[in-house]
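First chain written, first letter: the chains are A, B and C, and each begins at residue 1.
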Amino acid sequence: MPLLELRKVTKTFGGLTALSEFELEVQPGEILGLIGPNGSGKTTVFNIITGFLQPDSGKVILEGKDITGLQPHVIAKMGVIRTFQLATLFFDLTVLDNILIGFHNLSKTKIFEELLNTRPARDKEEERLHKTMEILQLTELEPHQSKLAKNLSAGWRKTLAIAISLAAHPKLLLLDEPVCTLSPARVTSIMKLITKVRESGVTVMLIEHNMKAIMDYCDRIAVLNFGKKIAEGSPRQVQQNRDVIDAYLGA
Amino acid sequence: MRTVFFQQVLNGIVLGGSYALIALGLTLIFGILEVINFAHGEIYMIGAFMTLFLSTLCGIPFLLAIPISMGVVAILGLIIERAVFRPIIGKPMINGMLLSFGLSVFLMNLALLLFKADPRSLDSGYSHIHIRFLGLQITLDRLLAIIVAITLVGLLYLFIQRTKIGTAMRAVAEDREAAQAVGVNIARIYSLTFAIGCALAAAAGSMVGAIFFVSPTMGWTPVMKSFVVVILGGFGSLTGAVLASLILGLVESFGGGYISYAYKDAYAFILLLLAFLLKPEGLLGGSE
Amino acid sequence: MKPLHRYLFFTALILLLLLLPQFFTQDYYVHMLVMAGIYSMLAQSLGLIIGFTGQVSLCHAAFYGMGAYISALLSLNFGLSFWVTFWLGGLGAAAAAYLFGRIVLQLKGHFLAITTALFGIMVTLILDNWTGLTKGPMGLPGIPRPSPIPLLGVTLQFTSRTEYYYLVLVFVLLMAYVTYRIIHSQIGRAMIAIRENQELARSVGIDTMRFKLAAFCIGSGFAGIAGSFYAHYILFISPVSFTLSESINILVMMIFGGMQTFIGPMVGAITLTILPEFLRMTGALRLTLYGLALMTLIIFFPLGVVGSVKEKWFSIDETRS
């Protein structure tokens, strides 16, 4: 069973059609790339999956359950976590605090336990801190943990965004342009991180303009143009697809 | 009975016109500078006082005093924009809000200290002239208020749609970075927008001051209601603001006349709540 | 601070607070201390809403007033004692905040602020005009003092300001403790996340409406309790004490002290209650200076006194990597 299905999803803004009868299946454990010229509707797909936008018609199915139109935080709790195109962080907080917030839903906290700072609450906090350290190590952010997020370089910012999303314990991770504008060395290290994340059991879908990253690391690719899917398949297949070539040259 | 009804309509249009002038200024400032100017009411009030002093102390005829007042207030607006709002562009939105709030408190209470709280009358010279038509009666000053409002709104539309600068303003409102990329001088647009907004408020204040009275606290309530108008009109839509102003003006007029005068100021709020309950999507332009 | 030092510090502080009235023989000064206590509660509760959760509420005085009126009316009309009515005042304010917040907390910063300001104006209008219930601008006189309670062998009659001082101290400390616990819990963390970046908070599963509502209701409820205290202290209330001006007053105290910190608002409240009294500033002059102060604070010291101090002394910020 596919992890995520998008069935005939349509979205218009005023007169503009952002997505037209878009259909997609995301298989568990894969890294799926979503590409297309600017304005082709890629981020809209993410917004609709995660509930930040409602589709005009169509359905979003997660593990067989219809999640269309649910609120973003509910969908996030179900394991669909996204990052944003422009690095979205808690800029005035430290790297450590940023990731700690991601662990908000680590375990069900009871209000009274929280307020009275009882043993269970303190234990949960211990656990959060411990897991945050794990993520800091995994993402190599450990030396920067006390820095304010706004003082990080572009590359570390994007890494932090991924770190925060990891804290939220995703089943499906939606990354919006995770390596755009970064240096080749950086791109490689982040893409390697994403591969490690996949190995731990997380399904990844990513939007990117960096073609090399997409071709080298994705299992499958879907191509959007003017809100319609024009191609889908392995990197090799997509590269040789006539429509795709036309779309990019024409754009 | 019929005449009372249409009398209310006229009153509503007068009110709506003044709200429209204020709301247009607020909408422009919000759309372009992305700042809510809580001090707009005090600008309105300063405009009224300026016209008052120009006509009583300098003997300048009312109709001439208004444009002069608008000019002076526009310059004041330039100063305020430069000194107060420019430093905090880019800072969190709460800062801008609290800043303009502080300015509002400062200006209103300074006026209270200088001019005392007593309402003063601004004699336009037209308040005793009654115009009769179709069995209805309106005093000339109210009629002038409507004419002035329509004229200014019309001029604003022409300016925004037909001139180069107006187009630049619209560009900045839509996408600041893009506008900058094509060479628009953002700082100048900010200053101009603020100045225009203030000038409109000054006109509104002058007209309302002539019809009713001028006092240091006159700005607070009309501007609060104009904020409601901006929300109802769709946050940044000029046409919406004008329409919503008229609706509010009429609702207040009828509500004040037929339901309760004491709660007149609450109608704006009730309208807002109603709009929220009935059509939340329309208002969620201002939500997350 | 080491735990031992911390205990010593707090013990010394508590002792000082307990002995404070002994230093002030004049009733007027004790009155100042009580008012400082009330404003402490108000500023701190507003700090929870604006400072920690980032929701700009300009109607705090309306909930302050609601608590005062509910408490006073219940006492006057049904003979209930303060010890019952202060709960009801707080709950009433919190309930009103819930109903109102449910609708408006969806609005973005500016528009939330305007709508709350309008709400505050509406509440003032109702208090002024529903004379059947509130007696309008004439106010409600003759509110009973809290009924006597025994404490450590002594019976407090609340006939002297010093007794009220001890009572307000208890209230302030309890409220501060609850606020402290909230801020330093996962709930507080969620609130900060909402303040810093609501979209990001949502994307990691934080139910932003729930926490905004919680902050708003708790903060407004605390304001209601403060209002109830005020009513049974001054023994007379009228709408003029709960207007937008008063909301501004509280706002400035909170910002001055440092709205993103725990003790900031309290510091601001105490300073700005006692200082203007010393300088004998009232009415329009006070507000003019407040407006100026607010602008200066926002431009030059947005973090407030405590916030700026914290930043200068405890900053471990490193430069760009």
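In this section, a residue touches a chain if its C-beta (ideal position, glycine included) is under 8 Å from a C-beta of that chain, and two chains touch if they have at least 3 such contacts.
Not measured: the values here are computed from a predicted model.
Averaging Cα coordinates per chain and for the whole protein, the chain whose average falls nearest the overall one is C. Put simply, the chain farthest from subunit B by mean CA position is A. Centroids built from CA atoms put subunit C at 33 Å from subunit B.
Separating the centre of subunit A from that of subunit C, both taken as means of CA atoms, is a distance of 41 Å.
Rounded to whole angstrom, the centroid-to-centroid distance between subunit A and subunit B, based on C-alpha atoms, equals 45 Å.
Contact of a single residue of subunit C with at least two other chains is seen at positions 199, 208. Residue ranges on subunit A touching subunit C, taken from their complex, read 50, 52, 71-74, 76-77, 81-84, 88-93, 97, 100-102, 104-105, 109, 111, 114-117, 121, 124-125, 144, 146-148, 151-153, 156, 164-165, 167-168. The part of subunit C that touches subunit B in the complex is made up of residues 50, 54, 56, 58, 103-104, 106-111, 113-115, 117-119, 121-122, 125, 129, 198-199, 208, 244, 248, 251, 255, 284-285, 287-288, 290-295, 297-299, 302. Within the complex, the subunit C residues that touch subunit A are 178, 181-182, 184-187, 189-190, 192-193, 196-197, 199-208, 316-321. Residue ranges of subunit B in contact with subunit C, taken from their complex: 30, 36, 84, 87-88, 91, 93-95, 97-99, 101-110, 112-113, 220-221, 224, 227-228, 231, 235, 262-263, 265-266, 268-269, 272-273, 276-277, 280, 283-284, 286-288.
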